[in-house]
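Structures incoming, each one as structure tokens.
Across the two complexes that follow, subunit A remains constant while its partner is subunit B and subsequently subunit C.
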Partner chain A sequence: MGETIRNIFARQKWMAIAVATIVLAGLLTAVSPVFLTLSNMQSILVQSSVTAIMAIGMTFIILTAGIDISVGAILFFTSALFAQLMIDTESYLLAFSAAMACATFLGALNGVLVVKFKISPLITTLATYSIYRGAAIHLTGAQNIPVPREMGFLGNGKLAGVPVPIIIMIVIFIIGVYALTRTRFGVYTRAIGNSARSAQESNLPVNRVTIAVYAVSGFVTGIAALILLARVGGLQSGIGIGIEFTVIAAVILGGTKLTGGSGTVTGSVIGAVFLVLIDNGLNLMNASPYIYDIVRGSVLLAAVAVDRISAVRQQKAVEAQRAARIQGAAVAG
Partner chain B sequence: MLKSTVASLKTYPAIPIIVALAVAFSLLSPYFMTGGNFEAMMGANAVVLIAAIGMTFVFLIGGIDLSISTVISASAVISGIVMAQTDSVPLGVLTAIVVGTGFGAVNGLLIGYFKLTPFITTMATQLIARGIAFVLSHGIAVKGTPYWVLDFGFMSWFRIPAVTIVGLVLVGLSVFALSMTTWGRQVMLVGSNPNSARYSGINVPFIEFTVYLVAGVLAGIAGFISIANLGNAIPGVGDTLLLMIIGAVVLGGTAMTGGEGSIERTVLGVMLLAILINGLNLVGIPFYDQLIIQGILIFFGTWLAMKFSGQRSQ
Partner chain C sequence: MKKLFGALATTAMLMTTAAYADGVTLGLSVDQLFESRVAVNNGIKAGAADRGYEVIEVVADGDAQQQNAQIQSLITQEVDAILVCAVDQNTIERALMAAKKAGIPVVAYDRDLPDSRVVQAFVGPDSTFDGKEAGLYTAKALDGVDGEIVIVELIGALNDQNGIDRSKGFREGIASLKNVKLIEVPTDWDSARALAGTQNAFQANPDIKAVFAATDTHIPGVETVLADLDKIIPQGEPGHVVVTGVNGSNDGYQAVVKGVADGFVVMGTDATGRKAVDLVADILDGKKVERVNVIPGDFYTTADVEANKDKIWGAN
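Take a look at the complex of A and B:
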């Protein structure tokens, strides 16, 4: 029995964060009567949507053993471009398509730079982070720009009683799971993360897939940007600062390995919800908002430590099994 | 002649960019090539210099320390509070160093002995350090910096700011530690080939631990220097420094992959970014365009450094 449970945990990397999330939700229910209401559940999911959507894209990047520090800057640039174009042209169609095209392009540019120049993704995207952010402020002249009130629909509106951000998040989640588990693109993504060299040697389109992965992350970041813009009501200079670390934290909490090859989209989405639950709990306790960082950092450390301990245990079990088998063979021989 | 030039380019790929920038800016601004300007430039970059030494050690063993930036903030804030309460400068310095050492020790234990991934570990401690800085300061500058610290920030010796002298002393100690001691040789070996380091009997976890510890100590000192520079302990002081610190180290020509690089190179990398930002300010480029130029320079500078020194990848 214990063995089976352990096996399930080992195979489904997202189970651990799912259990942690349920436990935390249980604690919050016990502490606060309003927690387990439909409206609070909805608000938690709406709050998670931006991080969750970005985390889905980031999962693919991390699965290739890459990283994108610039997603916060892409988020900001897309928001800035959309808001500016709405002011200048008042055309939703134009602003929307330009923003999405641009988000995808900025992501793809990261991918191209990573592939062509062979500088580590960390340094590449740290550099583009600075470039994108500077370019966005250049574009808007460092001003806050309001967006039209109808935009609010994307952030606070409902379709058949369900908030729009949740619907968008679920759609992207389903596409993400499908792409990762049922398509060649998903298989190649994992293969690159497992070993870029053997992927190259077996003639997989490593460069194209790597660029595509960064482009996909840029695209979903663009969607997240529009939701965030709609929720906030306009462009603010602080948008996206530090969000890259929240997104990466969600992915890591979800059980995806930073070394690539192993991880799930499901885990990342639950990871994003988990982070919002923590905020929610701290909020219920009237904690200073500055404590959030401390708690998030500690939770992240605890998660990787637990993961490390279980990995060491598993390795020991495997070694013990192997030793027993060798001994058995020796006796039989 | 040509051969030795090429050889020195391999060791110090930042030099041609520094020369080009210095020439360009002295043509664009008459104020650039003045003693006063250089003095201001050196003072303004002492914090980055000290922090970048620590990051160099970490890069040399193939690690990364994202927490350096906010450990600067945390140690500045805690040291600032202690000094405001006691008015004792030595106690303030000690506090800053102790805080930095604490964070360095935690990073080092988790990465060296517990084998956690450096990126995630230091990302987590980065968040924790930032949170501590903001919680303890309530998000605003800590008041009550002793006058001696303020004076120290303005002190100069033969037109070299005192804060820079602190940085240069630390550079000297680090160069010595890296090139003249057994510890330094072990650091280089762990970075270039961890397996052969292990087989040759080097205590790899211990070396990793000490390297993150040193990075923490230096971040703590940088935190104190930031108080002298800015006049107050600012909780957000480190937030924007990460790009500068990593940028300076890679522009100098130290590889992130370990085993390749030196403290001297990082000093040049810091000079390069210092000249760039100072020059752009003198020419009147707004801060957002500076961000763009900085990003482009860090990217292509890293690429050039890689080309010159024949590293396969950063």
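Take a look at the complex of A and C:
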């Protein structure tokens, strides 16, 4: 029985974060009668949507053993472009099309730079972070730009009683899971992360797939940007600062290995929800504002430590099984 | 006659030279750019232009190390004075000491450096007063409300003195209210966090009576939450949530005009910027200046906001 559970955990990388989320939710239910209400559940999912959507894109990048530090800057640039175009043209269609095209282009540009110049993705996207953010500040003159309240539908509207951000998150989640598990693109993505060299030698389109994963991340970041813009009510120069770390934390908490090759979209989405749960719980308990960072950091550390310990145990179990097999074969021989 | 013209010409030249103040150049070291900071910087540039000073502006993008390097660069360029809004008060002192050694006076603006041995003067908002104004309005609006009065406070960055002082002032302002439950929501000046925190606070306490935003740029997010909960109720009617903030941005202005926010404190950004230049001029002239100079904001409500539009920096 224990072995079966261990095997499930080993196969489904997202199980650890799912269990951690359930445990945390159980604790919060015990301390706050409001926690397990439908409206609070909706709030949590709506608040998770921006991080979760970006985390889905980031999962593909990290699966290739890459990383994109510039997603917060892409989010800010896309928001700035959309808000500025709305003011200049008052055309939703134009502003939306341009913002989404721009977000995809900026993501793809990261991919091209990583592929063509063979510079570490961390350094490349650190540089583009600065460029994209600086360009957005230049575009807007660091001014706040309100967006029309009708745009709020994207952030606050409902379809059949379900908040629009949750619907968008679910749609992108389904597409993400499908793309990663049922398409050649997903197989190639993991293959590149496992060994780019082997993938190259197997004639896989390594460069094209790498550029594509960065472009996909840019595209979904564009969608997240518009949801956030609609919810916050306008462009502010602080938008997106530090969100890249939350997104990466969600992906890593979800069981995706930073070294690439192994991970799931499901885990990343649960990781995003888990991070929101921490703040939601602290808010519901009216905790002192001074302990937020301590609790957030401690829970993250604990989650990563538990994940690491279970990984080491699994590794030891696999090695023990292998040793037993070798020993058995030697005895039989 | 020739001598007279010659003397006049010489005097005119001297006056012109004096008007350009012997080519005084100010180094403006900015922590990062956002709307209200740009508004203060514009006040500095306007004040400098009036005096014929040149301004070299550097922006650190929130990076303390970068700001230190930029201050060093300003010293190398031999600016006559440095105006600084520090990213981090602990790490900037070493760079400012170099300015002192080079004989360059330093004036801090918007964010004080109270422990600095270099900064000769500070000018910035009277954040305690500003917060108190919002608190007093809230207390008056909720006077006579029975039972527990739940108020949400969207706190700025916990290490930012302006945020801390606004919070302190707000609490002083609502001190007359009895039976207050204050829900503190840390935002780190991030509107997305403010939005999520407000949403969570309303989940736990559906009967919240008031929201105080340390910066009015959070108010559109508060509006989102109130709209979600069908709680945008006109002022004066039962169930109305009293919303106030500090800053004076267009976000705040629009919210007060619409009546979503009851009122907001408008900071004197232009006055702050111009005062900073005046302080530098006095120091360069060898005059004694006050170490701490604060400029209190003005509180406007939905009733008088339009009449005072030209005094609201974010509305123009």
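The criterion applied here is as follows: the second predicted complex is superposed on the first by the 329 of 333 C-alpha atoms of A that agree within 3 Å, B and C clash if a C-alpha of one lies under 4 Å from a C-alpha of the other, contacts with A are read in each partner's own complex, and residues count from 1 in each chain.
Please note the rule applied: contacts are C-beta pairs under 8 Å (C-beta built on N, C-alpha and C of every residue); 3 or more make two chains touch, one makes a residue touch a chain.
Just so we're clear, the structure is a prediction, and the values are computed from it rather than from any experiment.
K.L.:
Identify whether subunit B and subunit C fit side by side or clash on subunit A in the overlaid structures.
P.N.:
Here the two partners, once superposed via subunit A, clash with each other.
K.L.:
Is A:292 in contact with subunit B, with subunit C, with both, or with neither (first, second, both, neither)?
P.N.:
both
K.L.:
Considering only the touch criterion stated at the top, classify A:190 as touching first (subunit B), second (subunit C), both, or neither.
P.N.:
Touch partners of A:190: none, neither subunit B nor subunit C.
K.L.:
Return first, second, both or neither, reflecting whether A:137 touches subunit B, subunit C, both chains, or no partner chain.
P.N.:
Both partners, subunit B and subunit C.
K.L.:
Applying the document's definition of touch, where does A:155 land relative to subunit B and subunit C: first, second, both, or neither?
P.N.:
Once the two structures are laid over each other on A, A:155 reaches subunit C alone.
K.L.:
Per the contact definition in the header, classify A:279: touching subunit B only (first), subunit C only (second), both, or neither.
P.N.:
The second partner, subunit C, only.
K.L.:
Considering only touches as defined above, state whether A:13 meets subunit B (first), subunit C (second), both or neither.
P.N.:
neither
K.L.:
In the superposed model, where does subunit B crash into subunit C, at 39-47, 165-173 or 183-191?
P.N.:
That would be 39-47, the only stretch with clashing C-alpha atoms.
K.L.:
Please write out, lowest number first, the residues of subunit A touched by both subunit B and subunit C across the two complexes.
P.N.:
130, 133-134, 137, 142, 288, 290, 292
K.L.:
In their shared complex, at which residues does subunit A touch subunit B?
P.N.:
Going through subunit A, the ones touching subunit B are 67, 113, 117-120, 122-124, 126-138, 142, 245, 248-249, 252, 258-259, 288, 290-298, 300-301, 304-305, 308.
K.L.:
Along subunit B, where are the residues that touch subunit A in the complex?
P.N.:
Listed in rising order, the residues are 64, 110, 114-117, 119-121, 123-128, 130-132, 134-135, 138-139, 242-243, 246-247, 250, 256-257, 286-296, 298-299, 302-303, 306, 312-314.
K.L.:
Enumerate the contact residues on subunit C facing subunit A in the complex.
P.N.:
Its residues touching subunit A are 32-35, 37-38, 61-62, 155, 158, 181, 183-186, 189-193, 195-197, 199-201, 203-204, 217, 220-221, 223-224, 227-228, 249-251, 254, 314.
K.L.:
For subunit A, which residues are in contact with subunit C within the complex?
P.N.:
So the residues of subunit A touching subunit C come out as 32, 34, 37, 39-40, 43, 46-47, 50, 130, 133-134, 137, 141-144, 146, 152, 155-156, 228, 231-234, 236-239, 241-243, 276, 279-280, 283-284, 286, 288-290, 292.
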